[in-house]
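Two complexes follow with subunit A in common, the first pairing it with subunit B and the second with subunit C.
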Partner chain A sequence: MSKAGWIRLVIVIAFFGALEIMCRIGWIDRLTMIPPTEMAEALWSMLLAGSITEDVLYSLRNTVAAVALSVLAGFVCGVIVHALPRLRRILDPLFASYYAVPVFVFYPLLVVIFGINATPLILIGAMFGIVAMLISTLTGLDRVPRVMFKSARMFQLDPLRSALLIKLPSAAPHLITGVKLAVVYSVIAVVAGEFILSSKGIGHRIAYAYNDFDSRTMYGLLLLLLTAVTVVTMSLHMWEHRLHSRWAKQ
Partner chain B sequence: MMKHRAIDYVLLVVGLLVVWQICHELVGEYALTSPLATFAYAAKELGDAHFWNNAGASALALLYALIIAMVGGLAIGLALGLNRLAGDVADPMLITLFSVPKVTLYPVILLVFGLGLSAKVAFGALHGIFPVAIFTLNGIRKINPIYVKASRSLNLSRSRTIFTVLLPAALPEIVSGLRVGFAATILGTLIGEMFAATEGLGFMLIKAIDENNVELLMSLTLFLFLVAATANGILLAIDHRLHRRSAAAA
Partner chain C sequence: MNVLSQTSAAEHSLEEGARGAKAPHVHLKGVTRIYPAVANNPEVHALASTDLDLPQGSFFSLIGPSGCGKSTLLDIVAGLASPTEGTVMFEGKRIEGRPPEGVGVVFQEDSSFPWLTVWNNVAFGLRRKRIDKAEMAKRVDAILAFTGLSDFAQAYPAQLSGGMRQRVCIARTLVLQPRLILLDEPFGALDQQTRLLMGDELLRIWRETGATIMMITHSLDEAAMLADHVGVMSARPGKFIEIIETGWPRDRTSEIVSEARFGSITAHMWSLLREESQKAMKAR
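This part shows the complex of A and B:
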């Protein structure tokens, strides 16, 4: 591990150590926060007892579906918009301000249409993630060397094959960025949706535990959620870096 | 050129209205009000003191959150950017903190700050501070080393180096960060109001959701979108101009 990596590790350990001590000696009262070790213990016992398995799987399934939908639709729409510069110019302001609006205010509307089940959660997650993927696809396609498009024309590839064989691989580093953002945004939307209106899922359980003053369950679930998201985004981040540096070398 | 852009905007607005009307026809009055009905309702709301009281409460919370996010983010980015090792250590940590779905932390924020203004401000600032810090850090690190050498050979003091060399040179990046941070802060403040407030537009949103008042929900969404899009458009124009100027200077 690099020197910076070691320092990071020390900082993280020091942070959780300080939190632990402050909780133990009562600077932070137990109603506000429980010590990190107790969070881990609460999570461990919940995992062993299987009391949260169903909710975790429900949220996971919805998030995966939302990510898949936003990545796929985002890429396809990105390729189409990239091929039509006029349309792109028109839509540009929309893309630029999309994330300034809390899109999940549309969640209740989706609930009215589809009922309280997984469909509105998946759709709101996909709505949140799709534009990030679309923008990254556009950026990626902008960086594809022109010579690639020329050779696609030389080989007389049809639009579908040129998208899959030429555009997809050569825009890959930026597409990974898009996937990473789509994951982050989809998680936010799915969990926020579960907070507001849902009968299942990890967000629902956290909100329920909060209203119930059940801080062990709440912090255990928060720990699980934050750890999972951090691991996923950090792995995608490292993958992204590796692809970017490999492309830069070529 | 100007005329082209005006036509593009008109086309975008008309296109969005058409899509909206089609969605309205598809799902019906109870799920999605028509553009015309929404505009009529929004006009009525705009004449209502109750709406402006809530909008004022949101604006105040947003202002505080923006000040904390901008000043804090700049200070963090600058402090870490001045030292190579500190920057290397902090960069991935800031990115992780940025990508954590902070919606999940709302019970913690509520427990720490209680229901009210400080919780909203904390939520907004928490969303906005990381993008500002990340962009500032990268801006400082990407500065042409010649500038730093020149300031050293001119024997400038540390504060003069920061204010007359580093900040102006990193300005395009910083403005990009402020733009992204601005959008994130709006989103954070609104989410904070949805979960942790008794007044403000976010609170009106969550009440409209509970009462299933689709007209109010759509009017508020429309209002927020227009405000966010306008502010974003202005910052985007400044952003583009600065980037073009620095590209011309390089």
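This part shows the complex of A and C:
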């Protein structure tokens, strides 16, 4: 591990250590927060008992579906918009202001249309991630060096092969950035959606535990969520970093 | 089989039956290029009427002031751009805005694919041609050995120096056995020593493949050292103001830079270019 990695690890351990001490000596009320070791213990017992398996799988399925939808739709729309500069000029201001729109206001509407099931959750998750992916696709395609297009022509590639074999790999580091953002946004949207109006899922269980003053379950699930999202985004970040450094010399 | 072997222009011309054995390998007649006005940018007359004949196996260098249309001319010969007027023929066949078979280009910018290893970069064009795997491996390995890249076959371009990456691009072009190699300032980003060494390698490649080479360069020394003929272009709209015959033997190396005649060739080039470069600077 690099020096920065070690420093990062020390900061995280110090943070949790400080939290543990403050909870143990009573500086933080147990009703407000339980010590991190108890969170881990609570999570471990819930996993062993299988009491959260169904909710975890439900949230996981919805998140994967939302990420897949936002990445696929964002990528396809990005490629189309990139190929149509006039359309892009019209849409650019809308993309720039998209995240100023509280997309969540559409969630009740989606519930009315599709009912209280997974579909509104998946759609709201996808709506959160799609523009991040679209903008990353546009950035990636904008940064494909012109010489790559010339190379594609010299190899006599048709437009589809040129896109698949040259443009896409060339834009890959930016596409991974889009995937990373889509994952983060989709998780936020899906879990928040479960908080508000759902009968299943991690978000629902956290909200239920919160209303029931069940700190062990609530913090155990929060720890699971934080750990899972951190591991996924850190893995994507490392992949992204590796691609950027490999592509950087171009 | 010699993986670097070429089909001669004469054989090709006979196959095509178009222009006969004495036809030039590359023939340009009245080639002009005008870029139309776009938005607030006025029309640009990049190339004036240009004629040029390149015999099979010749080495031709193009020099001229910045923006005089050298790259435009190379793009037209490569089939990457169409002339506004005039015709371009390669082996007796007209090039019409589509890269013809048998033409390879090495660009000034690094065009190696960073997501592929050196081996796969070089094999890229052969894969598209659906060449038998064993034959492909043989050709790639031979070209890697020829360009001194065998030890780096499994490396990625980011792990190589600028000169090595440019060699990868040259190898990727050579493996397709082009009969015409177009080079657009291939050593522009390299230091002077590496340029001289790469120039020697290019001369070796030229001798061993028998290909016709057309190379753009900003370096008068490079043009004088490498080419049989150097085309000196005017400021925009570009046209040849003189084609200088260097008269070097075919087996020359970079050692000719120490000869007195080398100095007189570059001095003559500069005497032709000086005024044109001033005109180009004023036009900017």
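Couple of notes before you dig in:
Rule of thumb we're sticking to: the second predicted complex is superposed on the first by the 236 of 250 C-alpha atoms of A that agree within 3 Å, B and C clash if a C-alpha of one lies under 4 Å from a C-alpha of the other, contacts with A are read in each partner's own complex, and residues count from 1 in each chain.
Following the convention adopted for this analysis, a residue touches a chain if its C-beta (ideal position, glycine included) is under 8 Å from a C-beta of that chain, and two chains touch if they have at least 3 such contacts.
None of the values given here were measured: they were computed from a predicted structure.
In the superposition on chain A, A:Ala40 contacts neither subunit B nor subunit C. When the shared chain is aligned, no partner comes close enough to touch A:Leu223: not subunit B, not subunit C.
Of the two partner chains, subunit B is the only one that A:Ser97 touches; subunit C does not reach it. More residues of subunit A are touched by B (comparison of subunit B with subunit C). In the superposed model, A:Trp247 lies in contact with subunit C only, and not with subunit B. Residue contacts after overlaying the shared chain place A:Leu19 against neither subunit B nor subunit C. After overlaying the two complexes on the shared chain, residue contacts for A:Leu109 are found with subunit B alone; subunit C is out of touch. Once both structures are placed on chain A, no subunit A residue is touched by subunit B and, in the other complex, by subunit C. Residues 2-4, 7-8, 11, 31-33, 89-91, 93-94, 96-97, 99-102, 105-106, 108-109, 112-113, 180, 184, 187-188, 191-192, 195-197, 203, 206-207, 210, 218, 222, 225-226, 229-230, 233-234, 237 of subunit A touch subunit B in their complex.
For subunit B in complex with subunit A, the touching residues are 8-9, 11-12, 15-16, 27, 30-32, 85, 88-89, 92-93, 95-96, 99-101, 103-108, 110-112, 182-184, 186-187, 190-191, 194-195, 205-206, 209, 212, 214, 217, 220-221, 224-225, 228-229, 231-233, 236. Subunit A makes touch with subunit C in their complex at residues 145-148, 150-151, 153-157, 161, 166, 169-170, 172, 245-250.
Subunit C makes touch with subunit A in their complex at residues 78, 80, 99, 103-105, 107, 109-115, 124-125, 128, 156-158, 165.
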